[in-house]
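Got a structure here, written out as structure tokens. Questions coming.
Here the chain labels run A, B and C in written order, and each chain numbers its own residues starting at 1.
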């Protein structure tokens, strides 16, 4: 009898495991992604200068004119491993964005950008406040930061 | 123009977790398959295992089933085999597993300790019963029956008996607790002493001793110490052959003094005296010559197999085998193979060591023939039967000598086509029982062995 | 569909367990039955209450583990049969269910747990418990593994997720040396907190806790830290500390020896007893086979931690390798379920959930690896299957936190 109960228990557990496996997707709550608090819109100022490298390591599918920024910190630039990748030509640009509810703190880690006519070069100790509808220029692309309501 | 890469921690964390779990399972699997972590079970674990498993089959050398498990019970097939083998079989693991001096304690697989249930048959049939593996012994069940009958017919109560093949070390038959019970060897130690002496100094083969009254006082550091021959006999001028044949105590005590104690004790260690020897298939009580004593008189008395000289029947048989086998002591064994469902694998237990020179052993072997031809073993002579008798007085609880004795006969056939030896020990006998009685029993057993061989 | 299958499983397990081991007293069976009914009742309530059915898969898996815990508790009841419910697993189960519903409701319908003061109290309370355990034991001569009647392991499981989530999700307002490339101060504080906690755990000799907290904090640190150099420096420091402790700390060194060469350690006089826990499974795996040796084949007097730190050995040996494999597969689904969360929750909730999932994951991983001899023996139990009221209750709190977060809506 013990063996029969054992078989019953193991069979039921096996079915349960299989059922868990199959129903994984159906009952998924989600990825747990953070909600975007800001939108960054990109506007091309000059025609894109394509190199072999930029063609090979270009933007993945799903890229567009704008992207959402959640309340978090991220790297924005034209490098391969940047969190927010921008299709900007020319030398390497890397910015550190500390996205908060009321403003974005921007730090230039590599390259330079232009904000309101002023050029900002590499300075890890300096934090630039970006407010709603502010724009920054990266060589051939302009980015506009829009706070989501 | 712009793309925000979402951070999917779920995928990364889950992948890392699954990979780590898989790695730990893999490492476990590799170690289990490798077998390097499969250390032997402890005594407690074997006992637990025995409760869950029914005993596997115990077969004799010819494949006859001697003992097997039926459920939780064990069933002997022959009551006479049972009476002779039961003391050393060790079918109750709670008693036998603590020492390795029983048969089954040395083949724990019969209790299911090495069962591997990762077999397809078990996977498909979870209801399959748990049964230990089988073991094939070197013992001959037919011979065991004969031994049991012979011992019963002899009328003696405390008998220990070993029959073995001195070329291979296989134990063919036994009776009594041959592994643990120790007795004074009496004169049966003399061939061993003689072989050791000849290994130290081959010229001692021509040593002559004048066995006269005045020469029985032996000097020791605490003054003269007297040792007589049996019944006060004086053998006169005697050589080594006659000393063995007529068992002259004075000769061998004198021989001990000739060789010197340090050299002799060192030689005796090779035979297993006053040392610890390990054998693959069993453990037994080590034999002693001088033991912990440092007294000269004990040393001299050990020369005639008394005082601290003690040996088990299996120990005596091993020493006898060494003399018969040109000085080479084969590892004794009683397990030949293990198997399941008719598929057998040989069990390792072979090995040997040289305990004395070949020449010395051969010389002593010839001298032992004289024991049965003209000496103390005339009454149980058999062609080619080289033997030695011995009588040892037992001491009482108070330490003084009692009236009881232990009598021995140990020897074997010198024909290497029939390399059989037998050691018989009758313990707690009155002085009316002599070593010749043990010798007659030994001869009868040898005849049984030869009869079995002829069949 | 999972609910009726769970009912069949729990019934089968109950019948299997009580038919394998008989006690003179009907008390253990009655306690087992009561515990099983309580689990079914709690599961039924959640089944009806959870409209989206997102919490059900994880709850069913937790219920599977709790049923196994009840079975193992019954199996070892004979050793310490007690009429007092607080001494047995069923008593713990009552506390677990009550605590679950309280915490679930708090997390789901309120934001009290996010209050700064509460999180600071949790963090400070954990440090107090860890250091207090050592001090009070020195004064009272008691065990330094307990503080206020609760294991410090349990305190850590309860408080650490909230403290870690609080610190990590803080706004990055300043950085070490004012350099954005350096660590933000909130992350620095988290590291310092963990180091102070470590020191306390070292004093209490809680090796298992050091391992779990260390692994969890490392993963959180790596997720949050942006600087590659800092990550490398951190890795080298941790590796160096681990090597140093393996060489200099006697009991860590012993565990290392046993892990790397268990058979050789068995031959050593000092380590033979400790190596036994690793070698047992290898020695008896053939006898256990795929279908196990039967519930009750190993006495706890022979092997004291069979119902706690070595419960996986019990599962493989007694219950069957197949069942143990299924439990591990379910653990994988459980961790996956723990990592799912609705989109759009705030950072604190997300990190709280992540820390919870990491703690569960590491507990299961380290327990399994230790039991199989694939890692150092760490004295860590399997969630809910191992006995241990403090830890099981705290794990239920974490389960309730996740279930509560599943029901939360995105921040507007």
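Following the convention adopted for this analysis, a residue touches a chain if its C-beta (ideal position, glycine included) is under 8 Å from a C-beta of that chain, and two chains touch if they have at least 3 such contacts.
Computed from a predicted model, the values in this text were never measured in an experiment.
Q: Between B-C and A-C, which chain pair is linked by more C-beta pairs in contact?
A: A-C is joined by more C-beta pairs in contact.
Q: If you average the C-alpha positions per chain, which one ends up nearest the average over all of them?
A: Ranked by how close its C-alpha centre lies to the overall one, first comes C.
Q: Taking the mean of the C-alpha atoms as each chain's centre, how many Å separate chain A from chain B?
A: A distance of 81 Å separates the two centres.
Q: Taking the mean of the CA coordinates per chain, how far is chain B from chain C in Å?
A: The answer is 56 Å.
Q: Could you state the distance in Å from the CA-based centre of chain A to that of chain C?
A: 33
Q: Counting only residues that touch at least two other chains, what does the list for chain C look like?
A: Chain C, residues with two or more chain partners: 291, 294, 336, 339-340.
Q: Residues touching two or more other chains, restricted to chain B: which are they?
A: If we look for residues of chain B contacting two or more partner chains, we find 7, 9-10, 126.
Q: Name the residues of chain A that each touch 2 or more other chains.
A: 3, 6, 31-33
Q: Quick check on the complex: what are the chain B residues that touch chain C?
A: Result: residues 7, 9-10, 13-14, 17-18, 20-21, 23-25, 27-28, 31-32, 36-41, 44-45, 48-49, 52, 112-118, 122-123, 126, 130 of chain B touch chain C.
Q: Name, in rising order, each residue of chain C that touches chain B in their complex.
A: Touch residues, chain C against chain B: 219, 223, 262-263, 266, 278-279, 282-291, 293-294, 297, 302, 328, 331-332, 335-336, 339-340, 354, 357-358, 361, 364-365, 368-369, 372-375.
Q: Using the touch rule from the top, collect the residues of chain A that touch chain C in their complex.
A: 1-3, 5-6, 8-10, 12-17, 19-21, 23-24, 27-35, 71-73, 75, 96, 98, 100, 105, 107, 109, 124-125, 127
Q: If you look only at chain A, which of its residues touch chain B in the complex?
A: Per the stated touch rule, the residues are 3, 6-7, 31-33, 40-42, 44, 59-60, 62-69, 74, 83-87, 141, 143.
Q: Looking at the complex, which residues from chain C come into contact with chain A?
A: The contact residues of chain C facing chain A are 1-2, 5-6, 8-9, 12-13, 15-16, 19-20, 52-54, 56-57, 60-61, 64, 171-172, 178-181, 184, 226, 291-292, 294-295, 320, 322-323, 326-327, 329-330, 333, 336, 339-347, 350, 353, 406, 410-411.
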